[in-house]
Amino acid sequence: MGIPVVDLDGNLDHKIAADAGVDISFSIGSDNVAAGAQGAEYLVNKLGKNAKGPVLVIEGLSGNITGQKRARGFSDRLAQLAPGLKVVASLPGDWDRGKAANITNDTLTANPGLVAIFAANDGMALGAVETVYAAGKQSQVTVIGVDGNSDAVKSIKSGRLNASVAQLPYLVGKQAVEKVAAMKKGTKVDQDWIYVPTMVLTKDIIDKGTEPMLKYVK
Amino acid sequence: MLSRLHIRLESLIVLVVLSAGMALLSPVFLSVNNLFNIILATATFGVLAIGATFVISSAGLDLSLGSVLGLSSVVGAALVVTLEWPWYFAILGSLIAGTLAGAVNGFIVTRGMVPAFIVTLGMLGIARGLALIISGGRGIYGLPNEILFLGQARPLGVPTPVFILALVAIISHYILAHTRFGHHTLALGDNEAAAKATGIDINRQRMLLYMLSGLMAGIAGLIFTARVNTGDPTAGLNYELLAITAAIIGGTNLFGGRGSILGTMIGALIMGVLQNGLNLLAVQAYYQQMAIGMVLIAAVWLDQVRDRKRS
Amino acid sequence: MALLSLKGLKKSFGSIEVLRGIDLEINPSEVVGLVGDNGAGKSTLMKSITGVYSLDEGRIGFQNQDVTTLPPGERRARGIEMIYQDLALAPQQDIANNIFLGREPTKRLWGFLPGFVDKEKIDAEALKMIDRLGARIPSIHVPVGRLSGGQQQTVAIARALTFDPKLVIMDEPTAALAVREVEGVLKLIEQMRDAGIAVILISHRLNDIFAACQRIVVLRRGSVIADLQREATDMNEVVSYIVGAHG
C-alpha cells in the first residue's frame, strides 16, 4: 500500500522482515553499544586510564538484546581504555532494582575493593547506588546507569548516582518524523540504521544546564 | 522434635548441604556480613512467601503478590514524596494499600465465587496498572531518612529488613501453627466440607487470609521502597513465583492442608543461599538460570520421595 | 419431653422439592433407624438438622429451644452431632486436631500470649476418648489420612462423642466396615443409648437397623410415610414401605 514502515528503537530484524515481504524504510534509535562505551569513557575520565580495581557490570534481563549491547559496549571499551580496571562480575539484574541491590551487596562482599558499577539501566543503577550508600562505600565506588530517566536525574542532582548515559527519545521521535517527511518529499533515505546519539548526564552538566542536548532529555 | 517445630527434615538437609557447598567454593560465604546479606536479600520475597504460605495452606492461591508489592511501593512513596505528607504515611500507605488489595481479592473469591487463580490473576494486572498510573510510569525517588532506615540501616550490625522478616515470621508462625485461626486455615485447605461441618465460617476465614496476604505484600513493598529509595511501579515483577516456590520448597502442600512458616523460611533461605553463592562466584547469567531450576526440582523431588516412602 | 422436634420442614434445591413437609419427634435415649431409598431425602434432612443446610419452611426445636436459624457451630455447641458418611475428616491433620476441630481450647502462652491452642490438652483428651472407644492406634499425632477405614471411623465417632452430645446422627456408619468392626459400632450405639444420648441411624443395611433400633422411620420422596416400632414390624414390611408398595 506504499505506507513507509519505520522501526523506532530498533526492535525489528531487517532480514526477517524482508523475507516476510515487509520493506522497512529505516530503523532509528539509540546506539546501545555506543551508550555502554560512553559509560566506560566517563569512568576512565573520572578515574584515569592507569586506574586499577575491580568493576561490576549489572546486565539486564538474560537474553535481552538492549541490555547485552550496553553491557558489552561498556566492557569492551573499558578494556580498551583502562586495562587495569577489570570486570570481575557481569551478573543479570533482570531490570530489577531489588536484584541489583542484592548483586551489589554480594559483589562488595567478594570484592571489598570495588571501584565502579555499570548498570544497563537506571533502575538497576539506583538499586546499586542505594546499596553502596547503605554499605558506606560511596566514596569508593562510582555508579553509572543508562537511560537518563527522571529518578536518575533526581539522584544525580542529590549527589548519589554518579552518571547516567541518557537516551534522547524525544530526539529519536523528532528525527524519525523529519526523515519520513523528507522521504515523502522524495529524498531517498540511504541508511538502514540511523543512530541518535546519547549523552552522559552528570551533576556538573545538569547543574550548569548549558548543554544544548539537555532539552531532549525528557 | 523437628515435626513439632513444623520443619521438614528434607528442606533443612538441602539448606545445610547447599550452604556447606557454597562455603567450600567461596571463602567469604561464611562471614557474618555475608550471612546477614543473604537474609537481607531474602527479606522481600520472604515476607511475600509468608503470605503465600497462609493462602496456599487454605487451598487458595494469590498470584497478585508481586503486583501488590509494586502498588504498595508506589502508594507509600507517593504519599510522602509527591504529596509531602509526614514520613510515617509511607508505612501506613503501603500496608493499607496491600491489605485493601487483599480484601478485594478475598471479597470476589468469597462472594463472587470466582476461582482464586482467576481473581488474583486479574488483580495482578489491575494492581500493576494502578501502580503505573499513580506513578506516571516512573519511579518516585527520594524518601525521607526515617524510611531509608527501614531498608538501609544496620542497627547492631544487622540490616533492618532482617529484623522485620524475623518479627513477621515469628508472629506468622505463631498464628499458623498455634492459634485456632491457623488450625482452621489448614483444615479449610485439607477438607473444606469438614471445616464447614464443624462450624468454621469459611467465608470469613478466606477473607482474612487474602487480607493477610495483601498485608504481607504491603510490608514487602515497604521493605523494597526503603532499600532502593524509590516507589517503583515495576517492583516485584514475577516475585509471586519466588514466593510460591519458597513455600513449596519449604514443604507447603500446593493443594492445601499442610504448611509451615518456618518451613517456608527454610525454602526462602535455600533460594537466597543459592543466589548469593552464584553472585559471589560471579557465575554467568545463563548458568544461573539452570542452577536455580535444578535446585528447585531437587528440593521438591526429595519431598516426593519422602511422601511416597511414608504411604 | 421431646429432645428433637421437627415441624413442617420443607427444602427445595432450585425447582426440585427434596423435603416436602417433615414432622418428627425424637426422645432422649431413643435409637431411631432412618431408612429410605436413594433420593428420599435422608441426607438433606440430616444436614438440615445439623445446620449445614438452611430450610425454606418449618421449625426445628431442640431441648425446647428454636434452633431453626442457628449455624452449625452453635448447634454442635448445644449437643447435636453428626458422623458423616464420608467421615468429613481432614486427612493431613492429626487425630487429635481432627477431634477438636472447630472447638480447640486455648490458653495464654507463658501467661500473656493470647489464643495459644492448648495442644497438650487436646492430645490428652483425644487419647482418652480413643482409648475409651477401644481402638488401637499408633499415635495421636498420625495424620488421619494414613489410618485404615475402621480407624478413621473411630476418629469420627470420637469427634462426635467428645463434647457431651445429646443427639448423634450416624450416616451409613457400617457401610465400609469388616464384620467385627460392625459389631463394635452396634455395641457403641447401645452404650450411647444407655448414657441418655439419642441416636438417629441411617443405613441401607436393614439387619443393622433391626439389631440396633427400637423405632424405624421410613422416608419416601421427602415425607415420612411410616413410623414403626421395631417389635411391631418386620423387614418385609419395612422394605415394602421403602419401595412404595405398601398400601
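By letter and in written order, the chains are A, B and C; residue numbering begins at 1 in each of them.
Everything below uses one rule, namely that contacts are C-beta pairs under 8 Å (C-beta built on N, C-alpha and C of every residue); 3 or more make two chains touch, one makes a residue touch a chain.
For clarity, every value in this text was computed on a predicted model and none was experimentally measured.
Undergrad: Starting from the defined contact criterion, work out which chains touch subunit A and subunit B both, please.
TA: The common neighbours do not exist; no chain touches both.
Undergrad: Just to be sure I understand: the centre of a chain is the mean of its C-alpha atoms, right? Then which chain's centre is nearest the mean of all of them?
TA: Closest chain centre to the overall C-alpha centroid: B.
Undergrad: Farthest chain from subunit C, going by the mean of C-alpha atoms per chain?
TA: Following the centroid criterion, the farthest chain would be A.
Undergrad: So the centre of each chain is just the mean of its C-alpha atoms; given that, what is the distance between subunit A and subunit B in Å?
TA: A distance of 32 Å separates the two centres.
Undergrad: What is the distance in Å between the mean C-alpha positions of subunit A and subunit C?
TA: 72
Undergrad: So the centre of each chain is just the mean of its C-alpha atoms; given that, what is the distance between subunit B and subunit C in Å?
TA: Between these chains, centre-to-centre, one finds 42 Å.
Undergrad: Identify all positions of subunit C at which a residue touches two or more other chains, and write them in rising order.
TA: Touching at least two other chains: none.
Undergrad: Spell out the residues on subunit B that touch subunit A in their complex, using ranges where they run on.
TA: Spelled out, the residues of subunit B in touch with subunit A are 26, 28, 31, 33-34, 37, 40-41, 44, 138-142, 151-154, 159, 224, 227-230, 232, 234-237, 275-276, 279-282, 284-286, 288-289.
Undergrad: In their shared complex, at which residues does subunit A touch subunit B?
TA: 59, 62, 88-92, 95-98, 101-103, 105-107, 109-110, 123, 126-127, 130-131, 133-134, 149-151, 154-155, 158
Undergrad: Can you list the residues on subunit C that touch subunit B in the complex?
TA: Within the complex, subunit C contacts subunit B at residues 50, 52, 71-74, 76-77, 82, 84, 86, 88-93, 97, 101-104, 106, 109, 113, 115-117, 119, 141, 146.
Undergrad: Inside the complex, what are the residues of subunit B that reach subunit C?
TA: 3, 174, 178-184, 186-187, 190-191, 193-201, 253, 257-258, 310-311
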